[in-house]
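Chain naming follows the written order as A, B, C and D, and within any one chain the residues start at number 1.
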Amino acid sequence: MTDPEPIPDVDPDVDPDRLGPERLLAFSDGVVAIALTLLILPLAELVPETAGPEATGLTVLRENLAPIGSFLLSFLVIGRFWAAHHRVFARARTASRALVQWNLAWLLTIVVLPFPTEMVGAYSEDPFTLRFYVGTLLVSAALLSWMTVLISRALGPAARAGLRDMSFGGTTLALVVVFAVTLVAPGLGYWPILLLFLSPVLDRLLRPLTRRVLTGSAGR
Amino acid sequence: MTDPEPIPDVDPDVDPDRLGPERLLAFSDGVVAIALTLLILPLAELVPETAGPEATGLTVLRENLAPIGSFLLSFLVIGRFWAAHHRVFARARTASRALVQWNLAWLLTIVVLPFPTEMVGAYSEDPFTLRFYVGTLLVSAALLSWMTVLISRALGPAARAGLRDMSFGGTTLALVVVFAVTLVAPGLGYWPILLLFLSPVLDRLLRPLTRRVLTGSAGR
Amino acid sequence: MTDPEPIPDVDPDVDPDRLGPERLLAFSDGVVAIALTLLILPLAELVPETAGPEATGLTVLRENLAPIGSFLLSFLVIGRFWAAHHRVFARARTASRALVQWNLAWLLTIVVLPFPTEMVGAYSEDPFTLRFYVGTLLVSAALLSWMTVLISRALGPAARAGLRDMSFGGTTLALVVVFAVTLVAPGLGYWPILLLFLSPVLDRLLRPLTRRVLTGSAGR
Amino acid sequence: MTDPEPIPDVDPDVDPDRLGPERLLAFSDGVVAIALTLLILPLAELVPETAGPEATGLTVLRENLAPIGSFLLSFLVIGRFWAAHHRVFARARTASRALVQWNLAWLLTIVVLPFPTEMVGAYSEDPFTLRFYVGTLLVSAALLSWMTVLISRALGPAARAGLRDMSFGGTTLALVVVFAVTLVAPGLGYWPILLLFLSPVLDRLLRPLTRRVLTGSAGR
């Protein structure tokens, strides 16, 4: 950004390649880092609420297993999503206007997550809360998959070859299945989310489809 | 910053070009990312407040449509403003002392925004709250426009040509109109804010004026 | 950091120049940005507390002039301190272990500031609160001045010449005077803080002393 | 990331060196900076709770020595851990998938820390709280040591020579001792944590072992 080289006399809007994705990534990292860290605040607030004549630190843990579980689950999920974002955007060469906007939509799903997480801690048996939580994860994963497609189509064929073998739709597909289960059998609670551990397997199964989608249309 | 090249024997205050805008941008991104993410905290705090014997996650959503709406609106607005900041500062070559200070004033409007946002959730019918909220947005947009002028005047003519065609005053003009409407007809509530979607049209209408302002004075 | 060049066979602890200050700056920017943004949280929490049958947005503002004033003051002060940090560290070539530790101490004063800020809003007439707030500012400014000396002594004479003319001790001196006034005449309240506007004048008065201190010892 | 050079026709997953650790570091810095800054929030919330007819700023401090002490301790510890992370990762050349995941686990220990910190403020005499707090620190230090091993094994012998003399397991060993003391003699409270000041001595004692572990396997 500080390079003193003469700026070519072209309209930068026609030549968006001059805008690197660094700031987009730094901003996204900031939002994700904050959302991840804010997850602990409701837990920290439980401490004064539990404080009673005979309360100890152990009481706080025992009486709040649901919020602690939902904190750990959301931390894990945001961490995984950030790592996937990391891998996909490492190949991005430009931050087009469309990518900036889809990325903002993705950030919205991450910023919102502490809200359903808090609900899961408060209403762990409630089917609506379960679906709202899983639905937020599903939208987030789907947006990440869609951005992978966008970035892939802006790359040359050689670089795209690398993306092609990356995790792409497995997490999204796993969450579609989990969401369907929460609609059909909400009584299973949060256990179906463990299907997320199958997403590497699904990634491998989806590979032929992934290759076709990512190389489907030329140019950006 | 780590380049081992010998530092020329000049007063850096006379040669401000040596200071790149990277840290200013990183700092601004941090502040905006945090303000954006903090917007969810009041929503997360609504969960324990709503908790009653028959409350579910759906109750939390239904009873808090106003705060949820003000959260989404503020998220959208901060996201748009950040994207505009991103585009404008991508052309900045230096972080002059004046730019640092105007940028701090702009950051103040972003940091403050969760406060009127919270008010909008609590007093959705109140004309003062409406004007305070729209007024904050207007000041923020106006400062962004002013920084565009400052950055443009520090550029060479070729680079300026690119800025000239960018969104510049449309959002500010739209918010002037919205603010005027809230003064005249507060009964319309928050609907006039939808005029923000017209800002690309206004940008195009303002283009001749924009060109004159941005290239008006040579200077650095 | 990703340069593929062969790493010379030297002990990096003996050659600390290889460690650039980038991460130190990014981390500091993060902490300052968060502290700056967290200042709004107590204001946002005032909204539900004020909510009554006849409360409006204007009521919230009117009944909370002290917290709003302390928010604005702390925002301004942290903003100024960050800008000073920005200017000084732009000349830093290395992040020595000592600089990392002094910088952590400085960050502590910034992180702590929301605490006395909150006190100022709650006990605006209390002399102890006044002294605690001004004292925190004074320690913060003094640490920044001390880091300027450390950075200056690690520079070559040419680069040091630039630092020499920068703001160095003016803010610290102004705060020493303000702190003394709060000890002698606490009845004046927060008005003496306006002396901070004199710090550019003090910087100029202190310039001969500054030059001697900053060039006093050679080497790093 | 914006280099326009042609992308070689290789699978980036086979050539992970192309992924620099910059984003991993920026993300980690963000999380640590936020966790560090969030520590002040419980203190800021004490102010309105203490507010009574005769309360002053001094009352707030006096009545909350335990939370203030736990804030300062956790700030110091997170600061030290960040500085150690800084030094170790300055040598990292790549962000492998494994390193990203271990780093997320480390970030979890940092994000969680405000929770036991809050407990320490509320139940300063409770043995379980003491062990939970020290245990969290121990896991954090152990993960940092393990990442040092991972990074070291990915380096060439020359670069590894530098790491070899760095602090590696001293803090972890000190915390193992502190944790053992809290199991045997919880009545000593938080004083054994002062043993952390001995970690440089332990680092020196452990040096022969450190060299063997860090150079044990020839690296990838």
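Definition applied: contacts are C-beta pairs under 8 Å (C-beta built on N, C-alpha and C of every residue); 3 or more make two chains touch, one makes a residue touch a chain.
In UniProt terms, the chains line up like this: A, B, C, D = TMEM175 family protein.
The model shown is predicted, which means the values in this text are computed figures rather than measured ones.
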| item | value |
| --- | --- |
| Reference chain B (TMEM175 family protein); chain at largest CA-centroid distance | D |
| Fraction-based call for chain B (TMEM175 family protein) against chain A (TMEM175 family protein), same above half, different below | different |
| Angle (degrees, nearest 5) of the CA superposition of chain A (TMEM175 family protein) onto chain D (TMEM175 family protein) | 90 |
| Separation of chain C (TMEM175 family protein) from chain D (TMEM175 family protein), taking each centre as the mean of its C-alpha atoms, in whole Å | 25 |
| Distance from the mean Cα position of chain D (TMEM175 family protein) to that of chain B (TMEM175 family protein), given in whole angstrom | 35 |
| Residue list for chain C (TMEM175 family protein), restricted to those that touch at least two other chains | 26, 30, 34, 38, 41 |
| Of all residues in chain A (TMEM175 family protein), those that touch chain B (TMEM175 family protein) in their complex | 1-2, 4, 6-13, 18-19, 23-24, 26-27, 30-31, 34-35, 38, 41-42, 95, 97, 100-101, 104, 107-108, 111-112, 114-119, 121-123, 126, 128-129, 132 |
| Complex contact set, residues of chain B (TMEM175 family protein) against chain A (TMEM175 family protein) | 17, 20-22, 25-26, 29-30, 32-34, 36-41, 43-44, 47-48, 51, 55-58, 60-61, 75, 79, 82-83, 86-87, 90-93, 155-156, 158-159, 161-162, 165-166 |
